[in-house]
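Before anything else, here's the structure in question.
Labels for the chains are A, B and C, by order of writing; each one numbers its residues from 1.
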Amino acid sequence: MDSLRNSLQRLDPRSGHGADEPVSREREGNRFAQLRGSDFVESIPFWLPATLLVLLFVYGAIGWNVAISFTGWSGLGQPDYTNFTLEMYRQMPADQNFRASLRNTVALLVAFTSVSLVVGLGLALLVDRKIRFENTFRTIYLLPMALSFVVTAIFWSWMYASDGLINTTLAAVGLEALAFDWLGDPRFKLAAVIFALVWQFSGYCMIVYLAGLRSIPDDHYEAARIDGASTLTLYRRVIIPQLRSSTIGATVVLMVFALKAFDFIYVMFGDNPGRSADILAVTMYRQAFSASEWAYGAAIAVVLFALALTIIGPYAYTQYKRGAL
Amino acid sequence: MATETSDESGLTGTVSDLSLNRVALYGALLAFVGLYLSPLYSGLTTSFKTQQAFTQTSPLQPPIELLPVPHLEGFTIDPWLTAGSELAFSMINSFAMVIPATVLSALLGSLTAYGLTKVDWRGQAFLLALFLAAVFIPYQAVLVPLRQFWSIVDISSLHERGELVELTITHIAYGIPICTILFRSYYQTLDDELIEAARLDGASLARIYRKIVLPLSLPMFAVTLIYQFTQVWNDFLFALVLLSNRANYVVTLELNALQGSMATDYGVQMAGAFIAALPTILVYIMFGEQFAKGQTL
Amino acid sequence: MADLTLDDVSKVFVENDGNEITAVDDVSLEIDDGEFLVLVGPSGCGKSTTLRMVAGLETVSSGEIRLDDRVINDRQPKERDIAMVFQSYALYPHMTVRENMSFGLEESTDMPDDEIASVVAEAAEMLGIDELLDRKPDDLSGGQQQRVALGRAIVRDPEVFLLDEPLSNLDAKLRAQMRTELQRLQEELDVATIYVTHDQTEAMTMADKIAILDDGQLQQVGTPLECYHEPENLFVAGFIGEPSMNFFDVSLDTADERLVHDDFDYALSAETQSALDGTEALVLGIRPEDISIGGDADDDHRYETVVDVVEPMGNENNVYLTFEEGDGSETFVATIDGLERVEEGERVVAHVPEDAIHVFDRRTGRALRNRRLESETATEPQL
């Protein structure tokens, strides 16, 4: 009898409603899973043109690029698609420039991503403390994101110049010993680039984290306070763990950006920044468009693409699994 | 709230400690403001300095000195005039390219998101995954084929402005994925029953888009247009690869060329950077809210 | 004006992983012109899917939907001559009330503008929203939005009127008020109507005919009183009525002519026993209002019980009774007059009259015997 009662409880319309209603939507089927043949046909004009453009320009081009990387195409003339070879990939390991720029790319990726996240989180926590003029502060921190890398590279070239703001400020406070030739000294080149890129991107991290912070209900702060947590504990144990998805989203964006960071370095140093600051994106351009080593450039682009895939792939997959698509 | 918490934790106790906390907070915020604005500040001061003032004063110092007596000897707007005349044609090129590229990619993104979100059929999720992945693709992976493609579909041979058309189409194609994803996230929040009601009211898919979805998407159009405008205006890579005729240079490319030709004249470089950035800075200041929204979606 | 027929209608969804889910399973229904049919069932029973198939928002996997003699399975929603009121009202937020109400006529008819305007004005007056015509939906209260949604459907002058939980977003007071108003409106329009709800109170009070759906299958179709007093199975018996019917798992002892439960025995008349047809595993059902309290435990259908909890409702009390004090023994509920005083812990005698009992086959759930219904003594349904 108990089991019967239990099974009937499920049917009790009073206990059922509110919470069950979304479930019913699911059980009664995806609302749009109604494939009406005519709807599909009618919807084609809406998505097909854009889809074709994307398939051609993005995926078609990627495939084409892979194909080119298997040819030995260089110089003037056209690629020969009849003779595929792995030669381009074979020569990579021995290419000192390639190895240096791969190393620099990974260093840039790791340092830029982690520092940007930390600075962005710090900014978000500062801005989130019910401050006055919050909008103004936010606007200033995010401003660099609205600027072109060409613009920021020009600003920072001047910042880093021997008589630029950084060195003159250091001199003014008696730290002349720390005034270096930031963009000329191989020891600092990459770090200088990373610092400037962090400057440009930390505001982005800030707003991602702010959005995450704002989505945490006030109850959590209040509950933690009633539990007697100090501010530090509150953030460390309650708030920051809830920013996980913000962190993942921002990390993917930053890492993918780091892979293709081209404009900034190109404008600062031209197409050959030297071993200490060369990255794959620049090497690729130099090989293909400056040296006309098209196939080799394409092969480096394939490596870049593969690196990006290792970052995007898992992200897109988890998004898909979570039904976020 | 935060200050009260530290109060309860027993670390601090008095009102003056609390305000001290607050002072430290604003101190940190202002220090960051200094850091974030310093490159712009040094650029701004430098762009208004005469050559003499430039060599004699630190970039920290403004060109106008008020003490001991106000004098304007170091102040000039010449760098701005020089940079302005150098960049003028490329600004026009940029606008001519950016406006159609932005509007068309946003419109196509909206239409695609509508077709893939509000009308369902199998394979949607797959297509959307392709669009999402396309947002993140490093453009280096398509540069060589892109150059090949536009040498085959050679619009530039038809007209001297053909290169700009090629660049515009390229930006539209590569802008579609992010625009679609932005609109899709918005359309997902749109009540499905609204669309169904319109269908029962007898409207076709096109009419539903035109009469219901489009009017309701206007806020999202603002976000997307601002995002795309900033992206396309600021682009350098595609322009670098596709534009060869100096007359077709967009402003980012011309600014880079300016930097090369005026390597020592930081004043002109800085003024040029500001001029090139002005449209995006204005858009950013006027539509900061929408700009931030586009970045976080 | 038309009759709507559903003939063995099924809906099968195929999930992403390839699993098939039958949301609606061979449902057959007839809704006559002017009839108000309420489709009721718990969440996820398939009632909304059924409605959406009629609307044309969902394809029909098998079976036929007919309007008079025309099969409308493959017609576009707009070609079906139906109008629908959505749960969320689905008012177009950027249009005024007038534009909302005109939109359907503009899209699906050739009606000239001035005629549309007069139809809209007429419907608005009928619903008492003529003052609101130039406002936007966001400026309206929930009740007003509800009226606009109704108005939008009415102006279409449809053959069939579909309502999907239209009152669920209103507060309790307004819901009761709109219930009567909807009924009045439907009578005035005199058009076949399907009304979907999970709320059995709405079903009982509004329907000409109730169709009860569970797990995609039609359980019973009948007038509210038929469903209440003569449920065809356990599900309907438990679903309709508030508080729910009491159920006891019992077995039939043919030798002693009684039903045996862990806590009590229930003697059966020959007449009742013959209805059971020798089935042994049974469920005994009794509506709370059919149990009375008082008297002595001197005959077969009176039992010593202990009052566990009393829920005073004002006009009546719901009294939860157990056979023995302490845990272990289950409670059942009796509804007694609100002025009768009963204390928790008090020992009372509960009377379960034989003419009011229902007996179900425990295995199939089918009703073997329903309460005896003499029209003049039939108790009012308790909702």
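The rule we apply is simple: contacts are C-beta pairs under 8 Å (C-beta built on N, C-alpha and C of every residue); 3 or more make two chains touch, one makes a residue touch a chain.
Here is each chain with its UniProt name: A = Carbohydrate ABC transporter membrane protein 1, CUT1 family; B = Carbohydrate ABC transporter membrane protein 2, CUT1 family; C = ABC-type D-xylose/L-arabinose transporter.
Every value quoted in this text rests on a predicted model; they were computed, and no experiment measured them.
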| item | value |
| --- | --- |
| Interface with the most contact pairs, given as the two chains involved | A-B |
| Furthest chain, CA centroid comparison against chain C | B |
| Separation of mean Cα positions, chain C and chain B [Å, integer] | 57 |
| Distance between chain centroids, defined by C-alpha means - chain A, chain C (Å) | 53 |
| Inter-centroid spacing, chain B versus chain A (mean Cα positions, whole Å) | 16 |
| Residue list for chain C, restricted to those that touch at least two other chains | 57, 76 |
| Where chain A touches two or more other chains at once, by residue number | 30, 33-35 |
| Touching two or more other chains - residues of chain B | none |
| Of all residues in chain C, those that touch chain B in their complex | 55-57, 76-78, 82-84, 86-94, 103-104, 107-109, 152, 156 |
| Residue numbers on chain B that touch chain A, as the complex places them | 1-2, 4-6, 8-9, 11, 25-26, 28-29, 32-33, 35-43, 46, 58-60, 108-109, 111-112, 114-116, 118-122, 125, 127-134, 136-149, 170, 172-174, 176-177, 180, 192, 204-206, 209, 230, 233-237, 240-241, 252, 255-256, 259, 266, 269-270, 272-274, 276-277, 280-281, 283-285, 288, 291-292, 295-296 |
| In the complex, chain A residues that touch chain B | 30-35, 39-40, 42-51, 53-62, 64-65, 68, 79, 123, 126-127, 129-131, 135, 137-152, 154-159, 161, 163-165, 168-169, 172, 196, 199, 203-204, 207-208, 211, 221, 225, 228-231, 234, 252-253, 256, 259-260, 262-263, 266-267, 280-281, 284-285, 288-289, 294, 297-298, 300-302, 304-305, 308, 311-312, 316, 319-320, 325 |
| Residues of chain B that touch chain C when the two form their complex | 191, 193-194, 196-203, 207, 211-212, 215-216 |
